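A, B, C, D and E label the chains in the order they appear, each numbered from 1.
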Amino acid sequence: MIFIVVLVACSIHTDATPYQLIVGLPEMGKLLREMFPPDWSYLPTIWKPMLETIQIAIVGTTLGAILAIPVALLCAYNVMPRKLISLPMRTILNLVRTIPDLLFASIFVAVFGIGPFAGMLALLFFSFGIIAKLTFEAIEAIDPGPLEAMTAVGASRIQVIAFGVVPQALPYFVSYLLYTFEVNVRAASVLGLVGAGGIGLLLDRSLGLFRYDRASIIILLTLVIVLAIDYGSNLLRRKLL
Amino acid sequence: ACSSNVSNNNSASTPGTDGTKSESTAYVPTELKVQFVPSQNADTLEAKAKPLEKLLGDKLGIPVKVTVSPDYNTIVEAMSSKQVDVGFLPPNAYVLAHDNRKAADLLLQAQRYGIDDATGKDTTEKVNFYKSMIVVKKDSPIKSLADLKGKKIGWQNVTSSAGYVYPAAELKKAGVDPDTDVQGVTIKGHDAAILALLNGQVDAVAVFQDARNTVKKEIPDIFEKTRVIHYTAKIPNDTVSVRSDMDQAWRDKISQAFIDIAKDPKGGEIIKEIYTHVGYEKGDDKNFDSVREYAEAVGQTVK
Amino acid sequence: MNDPTLRRPVGSRLRLWAIAILLIIIYIWAFRGMQFEGLQGTAKSVSVAILDGFLHPDWSFVYIPEGEDLLRGLLDTLVISILGTFVSAFVCLPFAFWASSNLTRLRPLSGSGKFVLSVIRVFPEMIVAILFIKAVGPGSFAGVLALGIHSIGMLAKLFSETIESVDHGPQEALVACGANRLQVIFFAVLPQVIPQFLSYSLYRFEINIRSATTLGLVGAGGIGTPLLFALQMRNWNRVGVILLGIVVLIILTDLISGWLRKRIV
Amino acid sequence: MAVLFSFHPIGGESWEQMIEFRNVSKTYPNGTKGLNNINLTIKEGEMVVIVGLSGAGKSTLLRSINRLHDITSGDIVVGGRSVTSTGSSELRRIRRDIGMIFQSFNLVKRSTVLRNVLSGRVGYHSTLRTVLGLFPKEDVELALTALERVNIREKAYSRADELSGGQQQRVSIARALAQEAKIILADEPVASLDPLTTRQVMDDLQRINREMQITTIVNLHFIDLAREYATRIIGLRAGAVVFDGTPEEATDEAFAEIYGRAIKHDELLGVGS
Amino acid sequence: MAVLFSFHPIGGESWEQMIEFRNVSKTYPNGTKGLNNINLTIKEGEMVVIVGLSGAGKSTLLRSINRLHDITSGDIVVGGRSVTSTGSSELRRIRRDIGMIFQSFNLVKRSTVLRNVLSGRVGYHSTLRTVLGLFPKEDVELALTALERVNIREKAYSRADELSGGQQQRVSIARALAQEAKIILADEPVASLDPLTTRQVMDDLQRINREMQITTIVNLHFIDLAREYATRIIGLRAGAVVFDGTPEEATDEAFAEIYGRAIKHDELLGVGS
């Protein structure tokens, strides 16, 4: 009930009406039409920045994920029942996630200069936030039975984690890792902010010059890569599940 | 979100009938949607819409809705699909919108105080242009454009008049090809460009005049540490444009409203504080031919 | 131990090695792209300035009588996020079930669902924003839609993966009763995945609150625009107070969502 | 306790040869052979008990009847209709008429006990109706009666994960009872029950089988129970049928054959009764 | 099959009164009373079988011994040390000496069988070593022997979820065997096993109990098994001890008392042996 009231209030506040959207659909169609045919000649230009983006995303995502593992474990109540530790960890995690990438960019540019390194750091923090948060919630949802069994054999906390938690949470972790990697590849505009180039910059450029045919080729290339990641991710998950 | 008190004392309260010469398709607004992208050469940026809503609403007698966008592409697209009536567009955006998208017509050009080349401070002269400059470190051996050959230059995005189009075109004129003779690095933000220069990551940067002010709080002696080697030609100030099917009578009315607001002591203060505009003058599309010419020079031919 | 049948099959071990080597090569390639150039000269002064700004937030921005202050910005953002999240959490459900491979024997079916989701996700925020501005004009509604679309892409993906990892037993029981697909979903799958769904939706809600850039782009008001401009102008005091506001808002939603989850799970 | 379940054979057609296995084999993806060329005909009203070592393929056999598993080769015919080649809505109808009790309960842990039992009824109603939770009153009563039958009516509104192991087993039995099927497949239905409840459940299954002519197939580990309740005993070993006969024919020697080696008398659990 | 497990009572201290319950009660958060003022003393080397209806509190009793559940009031002392008030590293040591076989197996489904069994050994090694998977060769052999003991050595490298129900049960038994504990708690260890394996497992438990003086507590539903293997039978009803005596004292009347009503002879599963 409260929910519906809140929703209606929100709709009124934002003037949201489906009617407007339906009337406006043809306008959207116009723009989508402009994206075709894609400007294939642009492909050689975007190839290299795309690879750069992937490079930076791989390193940033991996390091972020590695950093996320201990934090996620410390945040999960079923692994770390002492609130004295898990609560502050959660707060720190919240803080990290709040900081917008723009601010990260400003700081890293000032401290480490423009270039891929600063970009990698920006992605690292971003990835860390997502992966740690999602993983710790997945950990809290695992089957407690094996944890119990491990507790019963006198395992230390880390042993419980290694034998009871990791096998169960691993598929989730991998899935989040790959998901974040995908986000990093396609939403790499932050790399442009720190002068690391990347595909986001070229997208900005195409849009700035209203070259939607070029934007569409960028989207297509990204799509191919995202699909490849998706494919790999499914393969890996099927192995782990 | 609409301005509240619409004192309907304005003569043109019966729109649509008085525009005798207007073609049948001309658009007559009943609510004016304004969107602006604050221009990059302002030194105080406020994302404030409300004050302008009230000022304009009082003058025009119809509700006014003002929104802010950090990106001009969205404004141009919104104008082309008739979702926005009036846009404050930077010069290159205006040219693209007018020539390429057929989405906007020029109404006014903003005036700002000029900037003293020597000190980087504002003058008291109202001008309708600004400039771009190429900055190097104080102790750099680079003295002229020609010296930039083989050096590393920090550009802004290629769509930026001050951060790429003008300086690159003039570099070309000086015999240095901006694509092949120098090593270009794209930096987002004029402030970040200045920092990159100070850190020695690039040998020179192209920024608006005088972007060094933006980092002055952090690096107070920025003016002592850097040197300007080149000022570009005048770049027209940002525009007030209307969607291309706007009714002529309303174009005049809107123009007059802006000019009046700038002259009004209270209104003037507000637009200065928020948009650093100190006045408006009738826009002339010819002023923007230089923008077209420079864009062409760097290979951004307008279709 | 010497019984060869007890060891892992050689084929799978070989494949493992091949994957490991491939990964190592990829990582070497990736790391070679990073050059660490050491700390920069401006590091200290700029960091100090930023820190100083955070320590002295621009309190005057919290409330301004004429509007466009922190509180109203946060309220706008909150409202847009609630709507965007809620709508997308519902719209994405059919997509999620469509893309889940364990609910159907037909691989192409779930494959096509995954493909559609990838296409949705791959559209850059900027273009989605422009699309909706063209349709409904700049403002909150465009914000809701832009956030909504992206949320659908993400939520449906995460939801579908949750569905794929649920306990198969109850589904089997329902199938054995002669339930059709929808009934299996409602009786066996949904009860199992609801906690995860909730958790993802709340997380997405939090992302939406933070997606200042998108909202700024569509001129949707909210706290995004002032934040963007404050960052561009390096007005760290202003940035500080805005971030503080966002942090408080997110911690509040975190508390509420934790409470909500406890009640529903 | 005195409530009798009324099982209505739906449609009224009479299935003489209720279930027929024709050269059925099943190989799991990892290469394990679950079933090995099974040929069986089970008639209406039989009470079949399947025995065999752990891993012999009992569960696999049961699950292939309602096609929870696809078999690798051969054909299974239920009530004259082939389950291996039927369309999905037809298959659903067949499944509705087959109640199943699972070895691992397969309850939705987060749902209430009552909802778990009611889920056995979904095959009878429109999707919309069940999804909205609008079960007719009779269904709810049927569910509660079934719960009473297995002695846990008082837990109807508890969540399934708050029950003890045996209580969960009973919920899953109640679900199958509430389904009012023509065939009941029970995969070790009494594995975690105490003797009292075991008797009750087996008696129930028997009564249902006798009075309503419900064909019943039960996997059991207890030889004495098998002898007592079955009208026919089938022994499986390594996925193949190694014994098929009446309880009288199921001598100790026969069990020795099923279990792969001679069994000393005291090894046969409760065999001496 | 001939391999004997060597259980080394660690530390060498002798625990006369192995397990002691002092006024133990346990109420679940939802108000269900799991245990009701239990007082028990179990001596070293006893083989205790706990019987009772489903839901009587058998699992709850077992789990409170190694503090998988916190009890609401009272105290439990194991080997002279109170488990209710001990520190965590001490508690870990106590737990290492207590092997447990769970009613619902509690295997890590995604891990291999061998890894599941090896996980029973982690209490003996440094955290780092086990986390890296560096178990000494003897441990691996111990694990394989334990698997052989329960007849599923050939599944050592299969994933646990590829096993049949009974096979999973056996893996969990192997895990407890490999742990070489001083006390073994078994929660219906034979619930889904065939008679042959049941005998084997119970014989194993008995041999371990006799030869190594390992105190063993087993929850069972089979009265004949209880009478045959136990040195002491404890009957639970509604969380309270209603019977405590030798197998000889556990007459049919006694069971009638435990199960809450007189039981007709043929209702007692396999009682006639």
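Everything below uses one rule, namely that a contact is a pair of C-beta atoms (placed from the backbone, for glycine too) under 8 Å apart; a residue touches a chain by one contact, two chains touch by 3 or more.
Chain-to-protein mapping (UniProt): A, C = Phosphonate transport system permease protein; D, E = Phosphonate transport system ATP-binding protein.
Keep in mind it's a predicted model, so treat the numbers as computed, not measured.
Under the touch definition stated at the top, subunit B and subunit C share these contacting partners: A.
No other pair of chains has as many C-beta pairs in contact as A-C. One finds 79 Å separating the Cα centroids of subunit B and subunit E.
Centroid to centroid, with C-alpha atoms defining each point, subunit A and subunit B lie 34 Å apart. Centres computed as Cα averages put subunit C at a distance of 45 Å from subunit D. For this pair, subunit D with subunit E, the centres built from the Cα atoms lie 29 Å apart.
Across the assembly, subunit C contributes 37, 40, 42, 46, 126, 130, 134-137, 139, 195, 228, 234 as residues in contact with two or more other chains. For subunit A, residues that reach two or more other chains under the stated contact definition are 24, 27, 30-31, 106, 110, 113, 115, 171, 204, 207, 241.
For subunit D, residues that reach two or more other chains under the stated contact definition are 104. If you check the complex, the residues on subunit C that touch subunit A are 26-27, 29-31, 33-37, 39-40, 42-43, 46-47, 50, 76, 79-80, 82-83, 86, 101, 114-115, 118-119, 121-127, 130-132, 134-137, 139-141, 143-145, 157-158, 161, 164-165, 195-196, 199-200, 203, 206, 210, 212-213, 227-228, 231, 234, 239, 243, 246-247, 250-251, 254. Listing the residues of subunit A that touch subunit C in their complex gives 6-7, 9-11, 13-17, 20-21, 23-25, 27-28, 30-32, 52, 54-56, 58-59, 62, 90-91, 94-95, 97-100, 102-103, 106-107, 110-113, 115-117, 120, 133-134, 137-138, 141, 171-172, 175, 179, 182, 186-187, 189, 203-204, 207, 215, 219, 222-223, 226-227, 230, 234, 237, 241.
Here subunit B touches subunit A in the complex through residues 72-73, 76-77, 81, 83, 96, 100-101, 154, 157-159, 185-189, 192, 195-196, 199, 201-202, 300, going by the rule given at the top.
Subunit D makes touch with subunit C in their complex at residues 66, 68, 89, 92-100, 102, 104-111, 115, 119-123, 127, 130-131, 172, 175, 179, 185.
Subunit A contributes residues 145-146, 148-156, 158-159, 162-164, 167-168, 170-171, 240-241 to its touches with subunit E in the complex.
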